[in-house]
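Reading through the structure tokens given below for one structure.
Chain nomenclature is as follows: A, B, C and D, assigned in order of appearance, with residue numbering initiated at 1 for each chain independently.
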């Protein structure tokens, strides 16, 4: 166990490191400037649980209807040896009739991640050289912050003309050729994680990583019906972003060096797993790590409500654009004091102050 | 009675709020407890109201419910002649034998069959058994077969899902042909097959059965040989490595399939 | 977002009460709007779960789909909604007015009033668009027949959705957008999207600050989401069991429970919407709001005529020519909307003064009868000098207009820094002064008069020509095939 | 000769596209093509985007092909510039007033108002700056067309932000070329391979950052271009100019701070550098001027992202140095100078916005110069880029546009790091 690992383990405390999924890794690109998020992720802290423990539970939640719908659609596409999927691929991508192989690399139960990953690797590397078309649930591995993590394999790898494509089955509709751009973006970045992991896997086997295409196959319900539609999505941009953010994970040590060595968010569960650390303790620990809060965090980071509370009184809490408009002044009180000339600006604030004064003057003049 | 019902309604509303509160606070244990209370209250309410309007017409179940499930499944599988998933088995039964198979019973079916076989081997004329994957000889997820079928048929290689799908298509089409006139569920079933066989359009009217058979045979010809050899190889290994029970149900070591966890991740969007 | 609005946000955050960012109302509020609060089933493609709809707070109709995945029930819902919407849009076909066009040389008839649909938020508007899309191509005969009124509903909903895309239109109003266009809260725009939280800020209950009310309103138990998506814990803990119960035992009691639960989720939003509408209505309307409402009535009139003439349903997507034409109209609407708001509202104009696209000041010198003799004929070209405190970014030669004298052109002659960070701007005026060499009184600003000049005017922009649809050039794919609704459209079964 | 290939293809195709990186001789190509077609007896229509561009082209064509009659269509109130005053040129508002010239030229906006007449062949200049709905209005006038433009520059924009057309091949918000190629994917696309403007110090950098797939090279050799600054250096500003003169790039880095867009310190620095250069005077040697020419005010420019920034820089300029260009990227498109002084779009920003990241903006600013480019910016831009949340929405069936602004910025920044001079 390296110093870094030890350091992160201490920070995380007794809890097991959180399992990574394509989603958690994709989330790292959402607010890469936030040290708090970076440190917690690197340490594998369960941010959701932590948020609850400090009294600001995340407000995500998924409707049972959505889950049911998602599973039902996926099952429908995969039913009867992926009959529907094959039809789509034949129609849209000219998949030859002979290509119908389907291999489920689902866990064999008591199988270890390493074994299962090996099985996936074997199947796919064979396919790269010989035969095979569809590979369901291959367990992939990826380096995150210097640690190898396994990804929940929620994908199908699909081989066409010697190239692999990641197939992503989503249940949001494509209506008249358009889909919710936010949902597509999420699907794209998650698929990019799989593409990256598959490329790494092939590379380790001495094969050409480019064998894995940057065009992923997105399968969604068409219009208001259940019949599927296939769209190719180019994830090259997502790949560059991912690579860069993953490489930045290495810089985590620099962040940690700014923190007290004994810093921890360990809930210290007692025999019955009830946390003995008080919300105040944990909150205080969190405050030690700088956050880069913006309202957008509320929709994608589990501890955002804690950070929002902390950021109260700051212009950034009103939105990135608002801070920009207010001349980059960080605190609401300062901004207003400068606007009302009840506070002398520092040389740095001179220009912003002038703008704020002018704004205040106009607002007063007109509202009067 | 009235009073009771109203009392219960108030209680139900309180409990609902409490459960959601607990969920949002991330306290799953408390939520579970409250949820139990809630279901209790709701059941009580149902009875109270049922008492008021003394008529509870249970939803009509299919006539097929009269036969034991294993026989219904056996009928369907025999018609298809190849391993199939519960969903397809259900549809086939609905289409040709009238009546729904109770899905819930299907899930436990394979376990019951295995238990009965292990307690008293071969005491039944047939067992509904697992299908083994040709590579690791582990039970393939969610497929059922009939023990009296040749071992090759109960082994699946990479091409088998497609081969069996096409075989099913042929069998279904032929069977529809034999019917005096096909019911809607039968023709819908046939259409679902036709939709995914090359050369047959997505014609909602339903494809001509003869055409379906021909098209399916045409594609089948492409895969049949390779598939047969995979299955044969698997069967050979199974014969030398596994005992009877193992060949029917897989060996215990290889059985249990863990549920996938990805879906239950609360962060996943509605997609 | 702009500096003045952001300043208002900061003040709101400091005081815990929302701040006005306009002096007048810039959106038309109908005295009898049709409010629609839709709810959908999570995970499905715009599958209606319920809707509360009506033209008055105390006149609400609740439509509930007990089995949202059931196609027939969905179209039952569509038929019920159609009844209400079609009755409403028919209300305004009684009175016709004549509008002068082509500088009074001709005139055009249009309905004197029109319909206004109000939904809680942009997602509600998206529901209207999607539900219009999923109903307008339905067939009223054959295998997938739906009630006669359903496809007509689809076209009307589509009409509202298309108007919604036009800046300044008030045919379909998303309340949160309308409110945030007039008030700034002390929370972020993202948080303003939550109607309950927003209304908490704008209209807090007695004894609470806006900030407190806003935060309290974030609790989905006390304040159900304004939809169309419902709260997940409601779905999982309440709705799902009730739908199952009803499916197992479709009787009056189960239905009653389901409807009651849904009502509990939708009613609070219904009340919030009407409160929001009242807040807006209380504001004095801007002078040019009526002009823009006129455009909505033009659109309404041609929609009515189109239906009467048996015009086909609006296509799924715009063709090349249609798209270009619509974009052009939208850009002109946007420009008009921006200018009209600035001219109607000194507080909006102040944004432009701050960014240097306009300035206001006092006339310190004027030569009303200055004559320019340089050209072939002598012309009246008065000069005025304006002293302003605004940051002037204009350079000599730029042409300006004044909201007070729209027909007059003012050219910047010079800009000099004056005393106390004031600037002195000399302008040369042309037009709006008659033809003589004597400026009629009032046509030229006098010394001491407070004036304002902007870099933009609301002069009439003429519509450009586009090729006819059938003449779509090869660069854009050539003439498109006519779109014919197919059985596929009609059959499109919902999941 | 590429012109031959282009015209051959134009003979056998309805359309031909010529991509031209900065300063690769686009205007020369357009002029020559017009001349050749005219002499071949074709009636040519030429579509440019601004009156400036129209007048420039008229001047060049009239000089290049003195025998060819040129008609310039213009809107009411257009005052012919000196460049248009050639004997062969007629100016008019209607086609009829031009009495049938061989070459008819106007802005796209003017062409869009012409409802009659048809030309066998058209040349569309700066086609990547033209919006596709404009092409839709102009296209009925021609049978075949040659589209010339720089794919690396700024995309056309709209005042309305709406995605109802995204994914459609004819989305009116795309550039004319994008729509043309999506409907006619088989049209030949040529690329001018050599930039005659950008020096060897800049061509590879700009090519790699903004033309990753096609690339181009510098037409000049390292020895062709030199920039010599007169009189003796005094302070750091001179070091910056010296760095620029000797290496072709200089990054004058001010202390990290979050500022207003109109960062006075940065604007002042831009102005001071400009003033200093012009005060000292510089001599530019190039293959055009073997024995050097003075770098006058007119041969330098200052570029910014926003209009108010340009105004700020202008306000700090010493009037004594005369009338110098300070403009935004949008307006500097297609222009050329010996030396440019650029205010980095991300300088002093706290968050990068899509606007600031748009690759075309940086590309325009970094590719106007023949000798050197000085970039003024505050420290911390690298962190800003790394901290940029990549949560842009993704639309189906919309070709991914390359290069990605975020990446391009990283590339240019990496290059500038080698030429950094920290203020103080």
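Criterion: contacts are C-beta pairs under 8 Å (C-beta built on N, C-alpha and C of every residue); 3 or more make two chains touch, one makes a residue touch a chain.
By chain, with names taken from UniProt: A = Secreted protein; D = AAA family ATPase.
The structure presented is a predicted model; accordingly, all values stated were derived computationally and were not measured.
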Between B-C and A-B, the pair joined by more C-beta contacts: A-B
Query: Could you state the distance in Å from the CA-based centre of chain C to that of chain D (AAA family ATPase)?
result: 37
- prompt: In angstrom, rounded to a whole number, how far apart do the mean CA points of chain B and chain C lie?
  reply: 51
Statement: Chain-centre distance (mean CA atoms) for chain A (Secreted protein) and chain D (AAA family ATPase), in whole Å, is 38
- prompt: Which positions in chain B touch two or more other chains at once?
  reply: 23-24, 270
Message: Can you list every residue of chain A (Secreted protein) that touches 2 or more other chains, as numbers and ranges?
response: 59, 61-63, 66-67, 69-70, 171, 177, 296, 355
Residues within chain D (AAA family ATPase) bordering two or more other chains: 168
Query: Can you name every chain pair that touches?
result: A-B, A-C, A-D, B-C, C-D
Message: Going by the contact rule set out above, which residues of chain C touch chain D (AAA family ATPase) in the complex?
response: 165, 167, 317-321, 323-324, 327-328, 330-331, 334-335, 355-356, 393, 464-467, 471-477
- line: Interface with chain C, chain B side, in the complex: residues 16-17, 19-21, 23-24, 35, 38-39, 42, 46, 49-50, 53, 55-59, 204, 270
- prompt: Which bits of chain D (AAA family ATPase) are touching chain C when the two form their complex?
  reply: 14-15, 112-113, 115, 132-133, 135-137, 139-140, 145, 158-160, 162, 164-165, 168-173, 176, 179-180, 183-184, 307-308, 311
Residue ranges of chain A (Secreted protein) in contact with chain D (AAA family ATPase) within the complex: 29-33, 174, 177-179, 181-182, 184-185, 188-189, 218, 231, 233-234, 236-238, 240-241, 244, 248, 292, 296, 300, 320, 323-324, 327-328, 348, 350-352, 355
Chain A (Secreted protein) - residues contacting chain C, complex: 59, 61-70, 171, 173, 175-177, 221, 223-226, 295-296, 298-299, 313, 315, 317-319, 321-322, 325-326, 332-333, 335-336, 339, 355-356, 358-363, 365-367
